[in-house]
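One structure, as C-alpha coordinates, below. Some questions next.
Order of writing sets the chain letters: A, B, C, D, E and F. Residues in each chain are counted from 1.
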Amino acid sequence: MSMFGLGRPQPSSAEKIAAAEQEMDLITDMFNKLQQACMKKCIPREYREGEINKAEGVCIDRCASKFFDVQMKVSELLQAEAAAKGGAAGGGFGIGGM
Amino acid sequence: MSMFGLGRPQPSSAEKIAAAEQEMDLITDMFNKLQQACMKKCIPREYREGEINKAEGVCIDRCASKFFDVQMKVSELLQAEAAAKGGAAGGGFGIGGM
Amino acid sequence: MSMFGLGRPQPSSAEKIAAAEQEMDLITDMFNKLQQACMKKCIPREYREGEINKAEGVCIDRCASKFFDVQMKVSELLQAEAAAKGGAAGGGFGIGGM
Amino acid sequence: MEGLSASEQREFQSRMERKQMKEFMGMFSNLVTHCFDSCVDNFTTKSLVQRETDCVSRCVQKFMAGSERIGQRFQEQQAQMMNQSPTGR
Amino acid sequence: MEGLSASEQREFQSRMERKQMKEFMGMFSNLVTHCFDSCVDNFTTKSLVQRETDCVSRCVQKFMAGSERIGQRFQEQQAQMMNQSPTGR
Amino acid sequence: MEGLSASEQREFQSRMERKQMKEFMGMFSNLVTHCFDSCVDNFTTKSLVQRETDCVSRCVQKFMAGSERIGQRFQEQQAQMMNQSPTGR
(Lines give C-alpha, C1' and ligand atoms only; values in the text may rest on other atoms or scores of the structure.)
Protein backbone atom coordinates (compact mmCIF):
# COMPACT_ATOMS: atom_id res chain seq x y z
CA MET A 1 0.00 0.00 0.00
CA SER A 2 1.34 3.39 -0.97
CA MET A 3 3.45 1.79 -3.70
CA PHE A 4 6.82 3.43 -4.40
CA GLY A 5 6.41 5.52 -1.27
CA LEU A 6 5.09 8.47 -3.26
CA GLY A 7 2.80 10.93 -1.56
CA ARG A 8 4.13 10.08 1.89
CA PRO A 9 7.75 11.18 2.05
CA GLN A 10 8.46 9.71 5.50
CA PRO A 11 6.51 7.09 7.40
CA SER A 12 5.70 8.33 10.91
CA SER A 13 6.77 6.55 14.06
CA ALA A 14 3.32 5.14 14.49
CA GLU A 15 3.36 3.79 10.96
CA LYS A 16 6.78 2.20 11.31
CA ILE A 17 5.79 0.55 14.57
CA ALA A 18 2.54 -0.65 13.03
CA ALA A 19 4.44 -2.16 10.10
CA ALA A 20 6.91 -3.95 12.36
CA GLU A 21 4.02 -5.16 14.48
CA GLN A 22 2.16 -6.47 11.46
CA GLU A 23 5.21 -8.40 10.35
CA MET A 24 5.39 -10.00 13.81
CA ASP A 25 1.68 -10.78 13.67
CA LEU A 26 1.98 -12.56 10.36
CA ILE A 27 4.89 -14.67 11.60
CA THR A 28 3.00 -15.57 14.78
CA ASP A 29 -0.13 -16.41 12.85
CA MET A 30 1.82 -18.61 10.46
CA PHE A 31 3.48 -20.44 13.32
CA ASN A 32 0.10 -21.07 14.96
CA LYS A 33 -1.41 -22.35 11.72
CA LEU A 34 1.59 -24.58 11.06
CA GLN A 35 1.36 -25.99 14.55
CA GLN A 36 -2.36 -26.70 14.33
CA ALA A 37 -2.04 -28.25 10.88
CA CYS A 38 0.85 -30.53 11.76
CA MET A 39 -0.46 -31.57 15.18
CA LYS A 40 -3.67 -32.55 13.41
CA LYS A 41 -1.88 -34.49 10.69
CA CYS A 42 0.78 -36.17 12.85
CA ILE A 43 -0.47 -36.60 16.42
CA PRO A 44 -3.37 -38.98 17.04
CA ARG A 45 -5.83 -37.58 19.55
CA GLU A 46 -5.88 -40.62 21.82
CA TYR A 47 -2.94 -39.50 23.94
CA ARG A 48 -1.85 -42.92 25.08
CA GLU A 49 1.58 -41.55 25.92
CA GLY A 50 2.98 -38.09 26.60
CA GLU A 51 6.11 -38.32 24.48
CA ILE A 52 6.40 -37.71 20.78
CA ASN A 53 7.47 -41.07 19.35
CA LYS A 54 9.91 -41.45 16.48
CA ALA A 55 7.29 -41.77 13.73
CA GLU A 56 5.43 -38.72 15.04
CA GLY A 57 8.65 -36.72 15.18
CA VAL A 58 9.55 -37.54 11.60
CA CYS A 59 6.01 -36.75 10.52
CA ILE A 60 6.21 -33.32 12.21
CA ASP A 61 9.51 -32.50 10.50
CA ARG A 62 8.19 -33.40 7.07
CA CYS A 63 4.86 -31.76 7.72
CA ALA A 64 6.57 -28.48 8.66
CA SER A 65 8.67 -28.70 5.53
CA LYS A 66 5.64 -29.31 3.30
CA PHE A 67 3.64 -26.60 4.99
CA PHE A 68 6.46 -24.23 4.18
CA ASP A 69 6.43 -25.41 0.56
CA VAL A 70 2.71 -24.72 0.34
CA GLN A 71 3.27 -21.28 1.80
CA MET A 72 5.86 -20.53 -0.88
CA LYS A 73 3.68 -21.95 -3.63
CA VAL A 74 0.61 -19.95 -2.58
CA SER A 75 2.70 -16.80 -2.29
CA GLU A 76 4.09 -17.38 -5.79
CA LEU A 77 0.63 -17.92 -7.26
CA LEU A 78 -0.83 -14.82 -5.60
CA GLN A 79 2.07 -12.71 -6.80
CA ALA A 80 1.68 -14.05 -10.34
CA GLU A 81 -2.02 -13.24 -10.20
CA ALA A 82 -1.36 -9.74 -8.85
CA ALA A 83 1.26 -9.15 -11.54
CA ALA A 84 -1.16 -10.33 -14.25
CA LYS A 85 -3.91 -8.09 -12.92
CA GLY A 86 -2.22 -5.03 -11.53
CA GLY A 87 0.90 -4.78 -13.65
CA ALA A 88 3.50 -3.00 -11.54
CA ALA A 89 2.06 -4.21 -8.26
CA GLY A 90 3.71 -7.63 -8.64
CA GLY A 91 5.78 -8.46 -5.61
CA GLY A 92 3.89 -5.96 -3.53
CA PHE A 93 3.05 -8.52 -0.87
CA GLY A 94 6.69 -8.60 0.00
CA ILE A 95 6.89 -9.55 3.63
CA GLY A 96 10.13 -11.40 4.01
CA GLY A 97 9.77 -13.07 0.65
CA MET A 98 6.21 -14.22 1.27
CA MET B 1 -24.66 1.42 24.90
CA SER B 2 -25.65 4.98 25.63
CA MET B 3 -29.18 4.58 24.33
CA PHE B 4 -30.81 7.81 23.11
CA GLY B 5 -27.44 9.50 23.26
CA LEU B 6 -28.13 10.88 26.74
CA GLY B 7 -25.20 11.68 28.96
CA ARG B 8 -22.81 12.07 26.06
CA PRO B 9 -23.87 15.12 24.07
CA GLN B 10 -21.39 14.64 21.23
CA PRO B 11 -19.42 11.56 20.26
CA SER B 12 -15.72 12.37 20.06
CA SER B 13 -13.62 11.85 16.95
CA ALA B 14 -12.15 8.71 18.43
CA GLU B 15 -15.61 7.36 19.13
CA LYS B 16 -16.92 8.12 15.66
CA ILE B 17 -13.90 6.51 14.05
CA ALA B 18 -14.26 3.50 16.34
CA ALA B 19 -17.92 3.14 15.35
CA ALA B 20 -17.17 3.36 11.62
CA GLU B 21 -14.37 0.88 12.10
CA GLN B 22 -16.63 -1.51 13.95
CA GLU B 23 -19.16 -1.39 11.14
CA MET B 24 -16.41 -2.26 8.66
CA ASP B 25 -15.22 -5.08 10.92
CA LEU B 26 -18.68 -6.61 11.07
CA ILE B 27 -19.06 -6.50 7.29
CA THR B 28 -15.64 -8.05 6.79
CA ASP B 29 -16.34 -10.73 9.37
CA MET B 30 -19.66 -11.57 7.72
CA PHE B 31 -18.03 -11.82 4.32
CA ASN B 32 -15.38 -14.18 5.67
CA LYS B 33 -17.97 -16.35 7.38
CA LEU B 34 -20.13 -16.45 4.25
CA GLN B 35 -17.15 -17.42 2.17
CA GLN B 36 -16.04 -20.19 4.52
CA ALA B 37 -19.57 -21.55 4.86
CA CYS B 38 -20.30 -21.62 1.13
CA MET B 39 -16.90 -22.92 0.05
CA LYS B 40 -17.43 -25.74 2.53
CA LYS B 41 -20.94 -26.50 1.28
CA CYS B 42 -20.32 -26.11 -2.46
CA ILE B 43 -16.68 -26.88 -3.28
CA PRO B 44 -15.45 -30.46 -2.84
CA ARG B 45 -11.96 -30.57 -1.35
CA GLU B 46 -10.46 -32.85 -3.96
CA TYR B 47 -9.48 -30.03 -6.31
CA ARG B 48 -9.49 -32.06 -9.51
CA GLU B 49 -9.82 -28.87 -11.53
CA GLY B 50 -9.10 -25.21 -10.86
CA GLU B 51 -12.26 -23.73 -12.33
CA ILE B 52 -15.59 -23.37 -10.64
CA ASN B 53 -17.92 -25.57 -12.70
CA LYS B 54 -21.52 -24.67 -13.46
CA ALA B 55 -23.07 -26.72 -10.63
CA GLU B 56 -20.61 -25.24 -8.12
CA GLY B 57 -21.35 -21.71 -9.33
CA VAL B 58 -25.09 -22.16 -8.96
CA CYS B 59 -24.56 -23.69 -5.53
CA ILE B 60 -22.48 -20.68 -4.45
CA ASP B 61 -25.14 -18.23 -5.63
CA ARG B 62 -27.92 -20.02 -3.76
CA CYS B 63 -25.74 -20.60 -0.74
CA ALA B 64 -24.92 -16.88 -0.49
CA SER B 65 -28.62 -16.08 -0.79
CA LYS B 66 -29.58 -18.55 1.92
CA PHE B 67 -26.77 -17.40 4.20
CA PHE B 68 -28.15 -13.90 3.86
CA ASP B 69 -31.64 -15.18 4.72
CA VAL B 70 -30.28 -16.84 7.86
CA GLN B 71 -28.53 -13.61 8.81
CA MET B 72 -31.81 -11.72 8.51
CA LYS B 73 -33.73 -14.38 10.40
CA VAL B 74 -31.23 -14.48 13.29
CA SER B 75 -31.19 -10.69 13.45
CA GLU B 76 -35.00 -10.65 13.61
CA LEU B 77 -35.08 -13.24 16.38
CA LEU B 78 -32.46 -11.48 18.48
CA GLN B 79 -34.26 -8.17 18.12
CA ALA B 80 -37.55 -9.77 19.12
CA GLU B 81 -35.85 -11.29 22.15
CA ALA B 82 -34.23 -7.99 23.11
CA ALA B 83 -37.56 -6.19 22.73
CA ALA B 84 -39.28 -8.83 24.90
CA LYS B 85 -36.61 -8.54 27.56
CA GLY B 86 -35.43 -4.97 27.57
CA GLY B 87 -38.48 -3.08 26.34
CA ALA B 88 -37.17 0.08 24.69
CA ALA B 89 -33.90 -1.52 23.67
CA GLY B 90 -35.57 -3.23 20.70
CA GLY B 91 -33.78 -2.41 17.49
CA GLY B 92 -30.71 -1.41 19.43
CA PHE B 93 -28.52 -3.79 17.45
CA GLY B 94 -29.18 -1.63 14.42
CA ILE B 95 -26.11 -1.93 12.27
CA GLY B 96 -27.33 -1.51 8.73
CA GLY B 97 -30.56 -3.32 9.44
CA MET B 98 -28.85 -6.27 11.06
CA MET C 1 7.07 -9.72 32.17
CA SER C 2 8.86 -7.31 34.48
CA MET C 3 8.95 -9.78 37.35
CA PHE C 4 9.06 -8.21 40.83
CA GLY C 5 8.27 -4.85 39.28
CA LEU C 6 11.96 -3.94 39.17
CA GLY C 7 13.10 -1.49 36.54
CA ARG C 8 9.67 0.02 36.16
CA PRO C 9 8.77 1.72 39.45
CA GLN C 10 5.15 2.51 38.54
CA PRO C 11 2.99 1.09 35.78
CA SER C 12 1.52 3.89 33.68
CA SER C 13 -2.21 4.42 33.21
CA ALA C 14 -2.04 2.89 29.77
CA GLU C 15 -0.30 -0.16 31.17
CA LYS C 16 -2.79 -0.63 33.98
CA ILE C 17 -5.73 -0.30 31.59
CA ALA C 18 -4.07 -2.74 29.18
CA ALA C 19 -3.61 -5.25 32.00
CA ALA C 20 -7.23 -4.95 33.14
CA GLU C 21 -8.33 -5.28 29.53
CA GLN C 22 -6.24 -8.36 29.02
CA GLU C 23 -7.76 -9.99 32.07
CA MET C 24 -11.26 -9.30 30.67
CA ASP C 25 -10.18 -10.68 27.28
CA LEU C 26 -8.99 -13.93 28.80
CA ILE C 27 -12.23 -14.38 30.72
CA THR C 28 -14.31 -13.68 27.61
CA ASP C 29 -12.22 -16.01 25.51
CA MET C 30 -12.55 -18.76 28.09
CA PHE C 31 -16.30 -18.33 28.22
CA ASN C 32 -16.55 -18.54 24.44
CA LYS C 33 -14.40 -21.66 24.31
CA LEU C 34 -16.41 -23.28 27.12
CA GLN C 35 -19.62 -22.50 25.32
CA GLN C 36 -18.44 -23.87 21.99
CA ALA C 37 -17.02 -27.00 23.58
CA CYS C 38 -20.11 -27.81 25.63
CA MET C 39 -22.64 -26.97 22.93
CA LYS C 40 -20.72 -29.34 20.67
CA LYS C 41 -20.61 -32.11 23.27
CA CYS C 42 -24.16 -31.76 24.61
CA ILE C 43 -26.47 -30.31 21.95
CA PRO C 44 -27.19 -32.42 18.85
CA ARG C 45 -27.21 -30.33 15.69
CA GLU C 46 -30.58 -31.52 14.42
CA TYR C 47 -32.57 -28.87 16.30
CA ARG C 48 -35.82 -30.80 16.52
CA GLU C 49 -36.92 -28.59 19.39
CA GLY C 50 -35.93 -25.17 20.68
CA GLU C 51 -35.76 -25.96 24.37
CA ILE C 52 -32.88 -27.49 26.24
CA ASN C 53 -34.25 -30.81 27.50
CA LYS C 54 -33.37 -32.28 30.88
CA ALA C 55 -30.59 -34.57 29.65
CA GLU C 56 -29.02 -31.72 27.68
CA GLY C 57 -29.18 -29.43 30.69
CA VAL C 58 -27.47 -31.96 32.96
CA CYS C 59 -24.86 -32.57 30.27
CA ILE C 60 -24.15 -28.83 30.05
CA ASP C 61 -23.71 -28.52 33.81
CA ARG C 62 -21.28 -31.43 34.00
CA CYS C 63 -19.50 -30.34 30.84
CA ALA C 64 -18.92 -26.85 32.29
CA SER C 65 -17.61 -28.41 35.47
CA LYS C 66 -15.22 -30.71 33.63
CA PHE C 67 -14.07 -27.94 31.32
CA PHE C 68 -13.19 -25.96 34.41
CA ASP C 69 -11.29 -28.96 35.83
CA VAL C 70 -9.29 -29.22 32.61
CA GLN C 71 -8.52 -25.51 32.80
CA MET C 72 -7.17 -25.94 36.33
CA LYS C 73 -5.19 -29.03 35.40
CA VAL C 74 -3.59 -27.40 32.36
CA SER C 75 -2.76 -24.31 34.39
CA GLU C 76 -1.14 -26.48 37.07
CA LEU C 77 0.92 -28.38 34.52
CA LEU C 78 2.12 -25.24 32.77
CA GLN C 79 3.11 -23.66 36.07
CA ALA C 80 4.98 -26.79 37.09
CA GLU C 81 6.80 -26.76 33.76
CA ALA C 82 7.63 -23.07 34.07
CA ALA C 83 8.90 -23.61 37.62
CA ALA C 84 11.05 -26.55 36.47
CA LYS C 85 12.49 -24.52 33.61
CA GLY C 86 12.70 -20.96 34.77
CA GLY C 87 13.12 -21.32 38.52
CA ALA C 88 11.76 -18.13 40.07
CA ALA C 89 9.30 -17.52 37.26
CA GLY C 90 6.94 -20.20 38.61
CA GLY C 91 3.49 -18.81 39.18
CA GLY C 92 4.15 -16.01 36.77
CA PHE C 93 1.07 -16.83 34.71
CA GLY C 94 -1.02 -15.81 37.69
CA ILE C 95 -4.23 -14.43 36.28
CA GLY C 96 -6.84 -15.04 38.90
CA GLY C 97 -5.36 -18.35 39.90
CA MET C 98 -5.05 -19.58 36.34
CA MET D 1 -9.14 -3.20 38.48
CA GLU D 2 -8.97 -1.82 42.04
CA GLY D 3 -5.73 0.01 41.28
CA LEU D 4 -7.24 2.27 38.60
CA SER D 5 -7.94 5.96 39.18
CA ALA D 6 -11.31 7.47 38.29
CA SER D 7 -10.20 8.66 34.86
CA GLU D 8 -8.52 5.35 34.19
CA GLN D 9 -11.76 3.64 35.17
CA ARG D 10 -13.64 5.80 32.66
CA GLU D 11 -11.25 4.99 29.84
CA PHE D 12 -11.42 1.33 30.79
CA GLN D 13 -15.23 1.50 30.85
CA SER D 14 -15.41 3.04 27.41
CA ARG D 15 -13.09 0.40 26.01
CA MET D 16 -15.20 -2.28 27.64
CA GLU D 17 -18.30 -0.91 25.92
CA ARG D 18 -16.63 -1.09 22.54
CA LYS D 19 -15.42 -4.55 23.41
CA GLN D 20 -18.92 -5.63 24.41
CA MET D 21 -20.24 -4.45 21.09
CA LYS D 22 -17.47 -6.39 19.39
CA GLU D 23 -18.30 -9.44 21.48
CA PHE D 24 -21.94 -9.13 20.52
CA MET D 25 -20.98 -8.90 16.84
CA GLY D 26 -18.80 -11.96 17.19
CA MET D 27 -21.60 -13.86 18.90
CA PHE D 28 -24.00 -12.81 16.15
CA SER D 29 -21.75 -13.96 13.35
CA ASN D 30 -20.96 -17.25 15.10
CA LEU D 31 -24.64 -17.87 15.66
CA VAL D 32 -25.45 -17.19 12.00
CA THR D 33 -22.64 -19.46 10.87
CA HIS D 34 -23.52 -22.26 13.27
CA CYS D 35 -27.24 -22.27 12.51
CA PHE D 36 -26.66 -21.94 8.78
CA ASP D 37 -24.21 -24.82 8.87
CA SER D 38 -26.55 -26.98 10.95
CA CYS D 39 -29.82 -26.22 9.18
CA VAL D 40 -29.10 -25.52 5.51
CA ASP D 41 -27.88 -28.24 3.22
CA ASN D 42 -30.12 -28.07 0.21
CA PHE D 43 -29.18 -25.75 -2.61
CA THR D 44 -31.93 -26.52 -5.09
CA THR D 45 -33.73 -23.33 -4.01
CA LYS D 46 -32.54 -19.75 -3.69
CA SER D 47 -34.50 -18.93 -0.52
CA LEU D 48 -34.87 -20.80 2.75
CA VAL D 49 -37.63 -23.41 2.71
CA GLN D 50 -39.98 -23.67 5.69
CA ARG D 51 -38.12 -26.61 7.22
CA GLU D 52 -34.87 -24.61 7.19
CA THR D 53 -36.46 -21.48 8.64
CA ASP D 54 -37.96 -23.50 11.48
CA CYS D 55 -34.64 -25.19 12.13
CA VAL D 56 -32.90 -21.81 12.32
CA SER D 57 -35.50 -20.55 14.82
CA ARG D 58 -35.02 -23.56 17.07
CA CYS D 59 -31.27 -23.33 16.66
CA VAL D 60 -31.23 -19.70 17.83
CA GLN D 61 -33.63 -20.44 20.69
CA LYS D 62 -31.57 -23.39 21.85
CA PHE D 63 -28.31 -21.52 21.51
CA MET D 64 -29.62 -18.67 23.65
CA ALA D 65 -30.96 -21.08 26.28
CA GLY D 66 -27.71 -23.05 26.32
CA SER D 67 -25.69 -19.86 26.43
CA GLU D 68 -27.64 -18.62 29.45
CA ARG D 69 -27.20 -21.89 31.31
CA ILE D 70 -23.48 -22.03 30.54
CA GLY D 71 -23.20 -18.40 31.61
CA GLN D 72 -24.65 -19.26 35.01
CA ARG D 73 -22.22 -22.11 35.54
CA PHE D 74 -19.35 -19.92 34.39
CA GLN D 75 -20.20 -17.16 36.85
CA GLU D 76 -20.44 -19.63 39.70
CA GLN D 77 -16.99 -20.92 38.79
CA GLN D 78 -15.53 -17.42 38.59
CA ALA D 79 -16.97 -16.58 42.02
CA GLN D 80 -15.65 -19.83 43.47
CA MET D 81 -12.21 -19.23 41.99
CA MET D 82 -11.95 -15.76 43.46
CA ASN D 83 -12.82 -17.07 46.93
CA GLN D 84 -10.20 -19.80 46.72
CA SER D 85 -7.39 -17.56 45.54
CA PRO D 86 -5.03 -16.52 48.39
CA THR D 87 -5.02 -12.85 47.37
CA GLY D 88 -8.79 -12.75 47.47
CA ARG D 89 -9.16 -12.43 43.71
CA MET E 1 -19.07 7.55 7.82
CA GLU E 2 -20.86 10.67 6.60
CA GLY E 3 -20.47 12.32 10.01
CA LEU E 4 -16.67 12.33 9.98
CA SER E 5 -14.60 15.47 9.44
CA ALA E 6 -11.79 15.56 6.90
CA SER E 7 -9.09 14.74 9.45
CA GLU E 8 -11.23 12.00 10.95
CA GLN E 9 -11.69 10.60 7.45
CA ARG E 10 -7.91 10.57 7.00
CA GLU E 11 -7.34 8.76 10.28
CA PHE E 12 -10.11 6.33 9.38
CA GLN E 13 -8.58 5.80 5.93
CA SER E 14 -5.17 5.05 7.35
CA ARG E 15 -6.64 2.55 9.79
CA MET E 16 -8.57 0.95 6.95
CA GLU E 17 -5.35 0.50 5.00
CA ARG E 18 -3.70 -1.26 7.92
CA LYS E 19 -6.85 -3.32 8.33
CA GLN E 20 -6.82 -4.27 4.66
CA MET E 21 -3.26 -5.42 4.97
CA LYS E 22 -4.27 -7.45 8.01
CA GLU E 23 -7.22 -8.88 6.11
CA PHE E 24 -4.95 -9.84 3.26
CA MET E 25 -2.59 -11.55 5.68
CA GLY E 26 -5.49 -13.43 7.24
CA MET E 27 -6.73 -14.50 3.83
CA PHE E 28 -3.24 -15.64 2.90
CA SER E 29 -2.78 -17.74 6.02
CA ASN E 30 -6.26 -19.25 5.70
CA LEU E 31 -5.60 -20.11 2.08
CA VAL E 32 -2.29 -21.79 2.93
CA THR E 33 -3.91 -23.72 5.77
CA HIS E 34 -6.91 -24.79 3.72
CA CYS E 35 -4.95 -25.91 0.67
CA PHE E 36 -2.34 -27.65 2.79
CA ASP E 37 -5.04 -29.46 4.71
CA SER E 38 -6.88 -30.45 1.53
CA CYS E 39 -3.91 -31.45 -0.62
CA VAL E 40 -1.18 -32.81 1.63
CA ASP E 41 -1.61 -36.09 3.46
CA ASN E 42 1.49 -38.04 2.72
CA PHE E 43 4.51 -37.60 4.95
CA THR E 44 6.87 -40.11 3.41
CA THR E 45 8.66 -37.28 1.61
CA LYS E 46 10.09 -33.99 2.86
CA SER E 47 9.07 -31.92 -0.17
CA LEU E 48 5.80 -31.64 -2.03
CA VAL E 49 5.34 -34.27 -4.74
CA GLN E 50 3.98 -33.21 -8.13
CA ARG E 51 0.45 -34.38 -7.34
CA GLU E 52 0.40 -32.20 -4.22
CA THR E 53 1.82 -29.15 -5.99
CA ASP E 54 -0.82 -29.46 -8.72
CA CYS E 55 -3.56 -29.83 -6.12
CA VAL E 56 -2.36 -26.67 -4.33
CA SER E 57 -2.40 -24.73 -7.61
CA ARG E 58 -5.96 -25.79 -8.39
CA CYS E 59 -6.98 -25.14 -4.79
CA VAL E 60 -5.68 -21.56 -4.93
CA GLN E 61 -7.22 -20.97 -8.36
CA LYS E 62 -10.58 -22.31 -7.26
CA PHE E 63 -10.49 -20.39 -4.00
CA MET E 64 -9.84 -17.14 -5.84
CA ALA E 65 -12.61 -17.83 -8.35
CA GLY E 66 -15.04 -18.80 -5.60
CA SER E 67 -14.04 -15.80 -3.55
CA GLU E 68 -14.69 -13.46 -6.46
CA ARG E 69 -18.12 -14.95 -7.13
CA ILE E 70 -19.08 -14.82 -3.46
CA GLY E 71 -17.82 -11.24 -3.32
CA GLN E 72 -20.18 -10.28 -6.16
CA ARG E 73 -23.18 -11.83 -4.43
CA PHE E 74 -22.18 -10.18 -1.17
CA GLN E 75 -21.97 -6.73 -2.73
CA GLU E 76 -25.36 -7.16 -4.36
CA GLN E 77 -26.81 -8.06 -0.96
CA GLN E 78 -25.16 -5.10 0.74
CA ALA E 79 -26.55 -2.75 -1.94
CA GLN E 80 -30.00 -4.29 -1.64
CA MET E 81 -29.92 -4.01 2.16
CA MET E 82 -29.02 -0.32 2.05
CA ASN E 83 -31.90 0.43 -0.29
CA GLN E 84 -34.38 -1.39 1.96
CA SER E 85 -33.29 0.27 5.20
CA PRO E 86 -35.58 3.18 6.21
CA THR E 87 -32.67 5.50 7.02
CA GLY E 88 -31.19 4.87 3.60
CA ARG E 89 -28.25 2.91 4.98
CA MET F 1 12.80 -3.12 12.51
CA GLU F 2 16.19 -1.66 11.64
CA GLY F 3 14.59 1.67 10.72
CA LEU F 4 13.17 2.34 14.19
CA SER F 5 14.64 4.95 16.53
CA ALA F 6 15.43 4.10 20.16
CA SER F 7 12.11 5.42 21.45
CA GLU F 8 10.23 3.66 18.68
CA GLN F 9 12.05 0.48 19.61
CA ARG F 10 10.92 0.92 23.23
CA GLU F 11 7.30 1.42 22.22
CA PHE F 12 7.54 -1.55 19.88
CA GLN F 13 9.09 -3.63 22.66
CA SER F 14 6.34 -2.79 25.10
CA ARG F 15 3.70 -3.69 22.54
CA MET F 16 5.47 -6.94 21.85
CA GLU F 17 5.36 -7.79 25.55
CA ARG F 18 1.63 -7.26 25.66
CA LYS F 19 1.31 -9.27 22.49
CA GLN F 20 3.36 -12.09 23.96
CA MET F 21 1.08 -12.19 26.95
CA LYS F 22 -1.89 -12.29 24.60
CA GLU F 23 -0.26 -15.06 22.59
CA PHE F 24 0.34 -17.02 25.74
CA MET F 25 -3.31 -16.58 26.71
CA GLY F 26 -4.40 -17.75 23.29
CA MET F 27 -2.13 -20.76 23.51
CA PHE F 28 -3.48 -21.56 26.95
CA SER F 29 -7.11 -21.42 25.87
CA ASN F 30 -6.42 -23.45 22.71
CA LEU F 31 -4.61 -26.06 24.76
CA VAL F 32 -7.48 -26.32 27.25
CA THR F 33 -10.00 -26.59 24.43
CA HIS F 34 -8.01 -29.14 22.50
CA CYS F 35 -7.24 -31.40 25.45
CA PHE F 36 -10.79 -31.12 26.77
CA ASP F 37 -12.18 -32.01 23.38
CA SER F 38 -9.77 -34.93 22.94
CA CYS F 39 -9.98 -36.38 26.44
CA VAL F 40 -13.44 -35.71 27.85
CA ASP F 41 -16.50 -37.40 26.41
CA ASN F 42 -18.31 -38.84 29.35
CA PHE F 43 -20.81 -36.68 31.17
CA THR F 44 -22.11 -39.14 33.74
CA THR F 45 -19.85 -37.53 36.36
CA LYS F 46 -19.37 -33.93 37.41
CA SER F 47 -15.61 -34.12 37.94
CA LEU F 48 -12.85 -35.56 35.79
CA VAL F 49 -12.27 -39.28 36.28
CA GLN F 50 -8.71 -40.59 36.56
CA ARG F 51 -8.60 -41.72 32.95
CA GLU F 52 -9.55 -38.23 31.78
CA THR F 53 -7.04 -36.51 34.07
CA ASP F 54 -4.25 -38.76 32.81
CA CYS F 55 -5.26 -38.12 29.22
CA VAL F 56 -5.15 -34.34 29.81
CA SER F 57 -1.66 -34.64 31.32
CA ARG F 58 -0.36 -36.59 28.35
CA CYS F 59 -2.13 -34.23 25.98
CA VAL F 60 -0.43 -31.19 27.52
CA GLN F 61 2.94 -32.93 27.62
CA LYS F 62 2.65 -34.01 24.01
CA PHE F 63 1.43 -30.63 22.88
CA MET F 64 4.40 -28.91 24.51
CA ALA F 65 6.86 -31.39 23.02
CA GLY F 66 5.27 -31.08 19.58
CA SER F 67 5.19 -27.33 19.88
CA GLU F 68 8.89 -27.20 20.71
CA ARG F 69 9.80 -29.41 17.77
CA ILE F 70 7.65 -27.42 15.37
CA GLY F 71 9.16 -24.23 16.76
CA GLN F 72 12.66 -25.50 15.90
CA ARG F 73 11.66 -26.33 12.34
CA PHE F 74 9.92 -22.97 12.00
CA GLN F 75 12.99 -21.04 13.15
CA GLU F 76 15.20 -22.93 10.72
CA GLN F 77 12.82 -22.02 7.92
CA GLN F 78 12.73 -18.37 8.93
CA ALA F 79 16.53 -18.25 9.00
CA GLN F 80 16.75 -19.97 5.62
CA MET F 81 14.18 -17.60 4.12
CA MET F 82 16.09 -14.52 5.30
CA ASN F 83 19.30 -15.79 3.73
CA GLN F 84 17.59 -16.48 0.42
CA SER F 85 15.88 -13.12 0.17
CA PRO F 86 17.74 -10.68 -2.14
CA THR F 87 17.50 -7.80 0.35
CA GLY F 88 18.96 -9.96 3.07
CA ARG F 89 15.73 -10.13 5.10
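Annotations for the structure displayed:
Quick note on the criterion: contacts are C-beta pairs under 8 Å (C-beta built on N, C-alpha and C of every residue); 3 or more make two chains touch, one makes a residue touch a chain.
Because the structure is predicted, anything quoted here is derived from the model rather than measured.
For the pair chain C and chain D, there is no chain touching both partners.
By residue number, over half of the contacts seen at A-E repeat in one listed pair from B-E, C-D or C-F, namely C-F.
Comparing mean CA positions across the assembly, the chain most remote from chain E is C. With each centre defined as the average position of its C-alpha atoms, the distance from chain A to chain D rounds to 31 Å. Spacing of chain A relative to chain F, judged by their CA centroids, is 16 angstrom. Spacing of chain D relative to chain E, judged by their CA centroids, is 25 angstrom. Among the residues of chain F, those touching two or more other chains are numbered 26, 35, 39, 57, 61. Shared contact sites, meaning residues of chain A that touch two or more other chains, fall at 25, 42, 61, 65. The assembly's chains link up in one ring whose order, counted from chain A toward chain F, is A, F, C, D, B, E. On the chain A side of its complex with chain F, the touching residues are 13, 16-17, 20-21, 23-25, 27-28, 31-32, 34-35, 38-39, 42-43, 45-52, 56-57, 60-61, 64-65, 68, 96-97. Taken together, the chain F residues at the contact with chain A in this complex read 1, 3-5, 7-8, 11-12, 15-16, 19, 23, 26, 35, 38-39, 55, 57-59, 61-63, 65-67, 69-71, 73-74, 77-78, 81-82, 84-85, 89. Within the complex, the chain F residues that touch chain C are 14, 17-18, 20-22, 24-26, 28-29, 31-33, 35-37, 39-41, 43-48, 52-53, 56-57, 60-61, 64.
Those residues of chain A whose C-beta lies close enough to touch chain E in the complex are 1-2, 15, 18, 22, 25-26, 29-30, 33, 36-37, 40-42, 58-59, 61-63, 65-67, 69-71, 73-75, 77-78, 81, 93, 95, 98.
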